[in-house]
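Shared between the two complexes below is chain A, which pairs with chain B and chain C, respectively.
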Partner chain A sequence: MAYSEKVIEHYDNPRNVGSLNKGDDDVGTGIVGAPACGDVMKLQIKVEDGVIKDAKFKTYGCGSAIASSSLVTEWVKGMSIEEAGSIKNSQIAEELALPPVKIHCSVLAEDAIKAAIKDYQEKNGQADGQAQ
Partner chain B sequence: MSVQTPVYFDYAATCPVDQRVVDKMLPFFTKAFGNSASRTHAFGWEAEEAVENAREEIAKTIGGDPKEVTWTSGATESNNLAIKGVAEYLAEKGNHIITVNTEHKAVLDTCKFLERRGVDVTYLEVDKGGLITPQQVADAITDKTVLVSVMHGNNETGVVMPLAEIGKVCREHKVLFHTDATQTFGKIPIDVEAMNIDLMSISAHKIYGPKGVGALYVRRRKPRVRLAAQIHGGGHERGNRSGTLAVQNIAGFGEAARIAREDMAEDMKRIGELRDYMKSELTGSIEHVILNGHPEHMLPGHLNLSFAYIEGESLLMALKDVALSSGSACTSASLEPSYVLRAMGLNDELAHSSLRMTIGRMTTKDEIDFVVGLLRTHVARLREMSPLWEMVQEGIDLDSIQWAHH
Partner chain C sequence: MDHFERLGQPRQHALDRDALETEYLARAAKAHPDKVDQDDASAKRAAMETSAAINEAYRTLRDPAKRAEYLVKLGGRDLDSSDPDVGAPKMPQAFLMEMIEHRERVVDARSAGADALDDLREDVDGQQGDALAEAVLAIAKGDTEAASRHLVVRRYLQRLLDEIDDEG
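Take a look at the complex of A and B:
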C-alpha cells in the first residue's frame, strides 16, 4: 500500500509520543479501539482554564493510525476544549490524504480526543457538559 | 557489511528467475518458436522435444512417470483442476471432500465453489503447530469421500504436513489423495510413490522458474486417476487440459526443476542454517516474540514471527527497505487478520502483529544481519509508542480490559 507523504512524515517523526500522569485532575485520558481490531489509541490532554496546554499519544496500529493520532495531538494543543471536541474525522482524513480503507483510523482519532475530553470533564465534575 | 536495498525476504511469494533458466527459455521465443502440437514439421517437433524433456525433469524430481505430468498455468489452476476434476468425474461415486482449514485460498475457494453445487466438504482443524494427524483424516472419511486434499508446506508458516502418513490412510481407504505442493516442490524431498500421492499441484515460479506455468501430477497406475477436464479445446495434455502449451515457460520450468533437484540437499542445509540463525538472533534479542509454526516440521526458508504489542503493518512501514509480508489485516483487502494463524489458535492481536520472512537461494548472511538490525531498532521504537506495551509494563492484563470493538 502506498502511503501519502504526510502519513510517512508523521510515522517517521511522530509528534507528542508519550504519557501524561493519568491520575492528575487536569489530565484527561481517552483509550479507544481494541487489540483484536489491530488498533488501539491512547490520547491524553492536559487542560488549564479550559484550554489544552499539552497533548500526548501512544498508538498500536498501522502507519495511518499512528499518523492520525500524531496529527490530532498537534492540532489540539492550544485549542479550547470545545474546539478540540468539534474536530471531525473528515478533517483528519483530508489532511493526511487517507485512502478509503484507512478512514477508520481518522474515526478512531476523533473518538480518542472526544474520550479524553469526556474523561477530563468527568474528573472535574462536568459530567453533563458534553463534548460537542 | 554491504547490502543492496531493497532486500528481498519474500521468496514464498515468488523468486527471481535463475539465469540458467532464462538461458534455457530464450531460444523458444524466437528461433524454436514452434507449437508443440504441430506434428507435421520440424518447428513443432523441436518444441515437443523441449516439452517432453521438461516433463521428464519434473517426473524425476517427484519419483513419477513423465506421462503423469499435466502442464497448467500455475498451481492455482492445478488445484482447481484436481479438485473440481475429481469431484465431477466421481460425482456418481460420492460427493464428499476432506481438506484442511489452513489450505491456500486456491483450494479453499474451490471447495466453497463445490459446496454451492452440493458437494459436502469437511475442513479439518489444525493444532497449535499447524498440523493435522492422519487419524483426523481417517475419522473424517465416509463411504461418500472421493478426495482428500492436504497441502504439503504451508505458504504462510512453512509448516510441513505428514504427507506419507496421510497418504497411507487415504490409500487404505481407497480415497484419492491430492496435495498442494507449491511451497515444497524442489525444496524438500517428495516421492509420489512413498507418499501415496495421487494428484499434486506444483508451480515454477517458487523454484526460480518463470511465472505462468505449473503442473498437476496425475497418477496413471494403481490407481489410475481420471479427471473431468475444466478447460476444453484441442485435447492437449491427454485431454486433461486443452490449450497451446507455453513452450518457453515449460522449458524453463524443467530447467528450474533440474537445478532444484540437483542442489536440493545443499540449498536445504544452507537456507535452513540461515533461517535458524535469523530466528535465534531475533528471539534472543527481542522479548515477547512468538514463533508461528512448528518447532520441527518446517520448510527451511520460512520464518513467521509475531512481535507482540506492535501492529504488523506499522512494522512493515519501518522496514521499507525490506520486501516481506504480514498477517495483519491492514495488508489485505478483507481487513481480517490471517486465517491461517487464527486457525492455529493465535488470537487476533498476535495475528495482526505477525511478519512472514521467507529466504531463498540468493539470501546472504549480511542481508539477514541487516534485517535483524532494523527489527531490533524498530520493534523497540514502536513498542515505546504502543499503549499496549505500556500497559503490560505496568502489569495490566490486557485480557482483563473491556475493549470497545468497532
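Take a look at the complex of A and C:
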C-alpha cells in the first residue's frame, strides 16, 4: 500500500515519542488497542490550568497508527482539554490522507486522546467530564 | 453454505486433519474448472467460484486459530470488525498496558541480544498457545463471548510474535 508523504514523514520522524509519569496528578494516560490487528497505542498529556502543556505517545503498530498518534500529540500541545477532546478522527484522516482501510488508525488516535483526557479528569475529580 | 459444510466436516473445533485433507482434495478435484465444458462460460465461472470457495474453506479450517475464529464468527462475533457489539470485544486497560510493556520488552530484548529475544519469543508463544486452548474450551462449551475474548488476546500476542520475528 502506498502511504502518503505526510504519513511517511511522521513515521520517519515521529514527534513526541516517549512517556510521562503515569502517577502524576497532572498527567492523563490513554491506552487503546485495535483488536482486529493487535496495534496498541499509549497517549499521555500533561495539563496545567486546563491547557495541555506536553503530550507523549508510544504506538506499536503500522505507519498510519504511528503517524496518527504523532500528529495528535503535535496538535494538542497548547490546546485546552475541551478543544483536544473535540478532535475528530476525520480531521486526522484528512490531514494524513489515510486510505479507507487505514481509517481505523485515526479512530484509535481519537480514542486515545479522549481516554487520556478522561483519565486526567477522573484523577482530578471531574469524572463527569465538566471543566473546572 | 459454511466452510464446514463445504468440506463435509462437523461444525466443531476438533477435526480429523487427515479426513479434512482427503475431503478437500476430492472436492477440489471434482470442482476443478477444467472439468466443465470449456465453451460454456457460465458453467466455467460457476466452477471457478466453487473452487475458490473450497480453497478458502480449506485455508480456514486447516489452521487451528483461523478455525476457532471462524467458529466464533458463525456464533456472531466477527473479530475483523471493531464494532464492540458484533466484532472484536474491547480489552480492559490492564491488558493493553501489559501489551505495551511486552512491546517495550521486545525493544529491550533486541538490544540485549539473540538469547533474550529467544526467551521472550518462547514466553509469548506459550501464552499465545494458552489463549487458543482457552478459546477452544470456550467454543466447546458454546460460550462465544468468552471464546472471542481469548481469541482477541491471541491476536495481540500473535502480533507481538510477528514483531519479534520481524527485525529479529
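Please note the rule applied: the second predicted complex is superposed on the first by the 126 of 132 C-alpha atoms of A that agree within 3 Å, B and C clash if a C-alpha of one lies under 4 Å from a C-alpha of the other, contacts with A are read in each partner's own complex, and residues count from 1 in each chain.
Going forward, a residue touches a chain if its C-beta (ideal position, glycine included) is under 8 Å from a C-beta of that chain, and two chains touch if they have at least 3 such contacts.
Nothing here was measured: the structure is a model prediction, and the numbers come from that model.
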Partner chain(s) touched by A:Leu20 [first = chain B, second = chain C, both, neither]: neither
Partner with the higher number of touched chain A residues, chain C or chain B: B
Touched partner set for A:Pro35, first chain B, second chain C, both or neither: both
Which superposed partner A:Lys58 touches (first chain B, second chain C, both, neither): both
First, second, both or neither for A:His104, with chain B first and chain C second: both
Set of chain A residues, in rising order, touched by both chain B and chain C: 31-40, 42, 58, 60, 104, 107
Chain C-facing residues of chain A, complex: 31-40, 42, 58, 60, 104, 107
Interfacial residue positions of chain B with respect to chain A in the complex: 309-311, 313-314, 317, 328-331, 333, 335, 337, 347-349, 352, 384-390, 398, 403-406
Chain A - residues contacting chain B, complex: 1, 3, 8, 11, 14, 17, 19, 31-42, 58-63, 65-66, 101, 104, 107-108, 111
Residue numbers on chain C that touch chain A, as the complex places them: 79-82, 87-91, 93, 96-97, 99-100, 103-104, 152, 155-160, 163
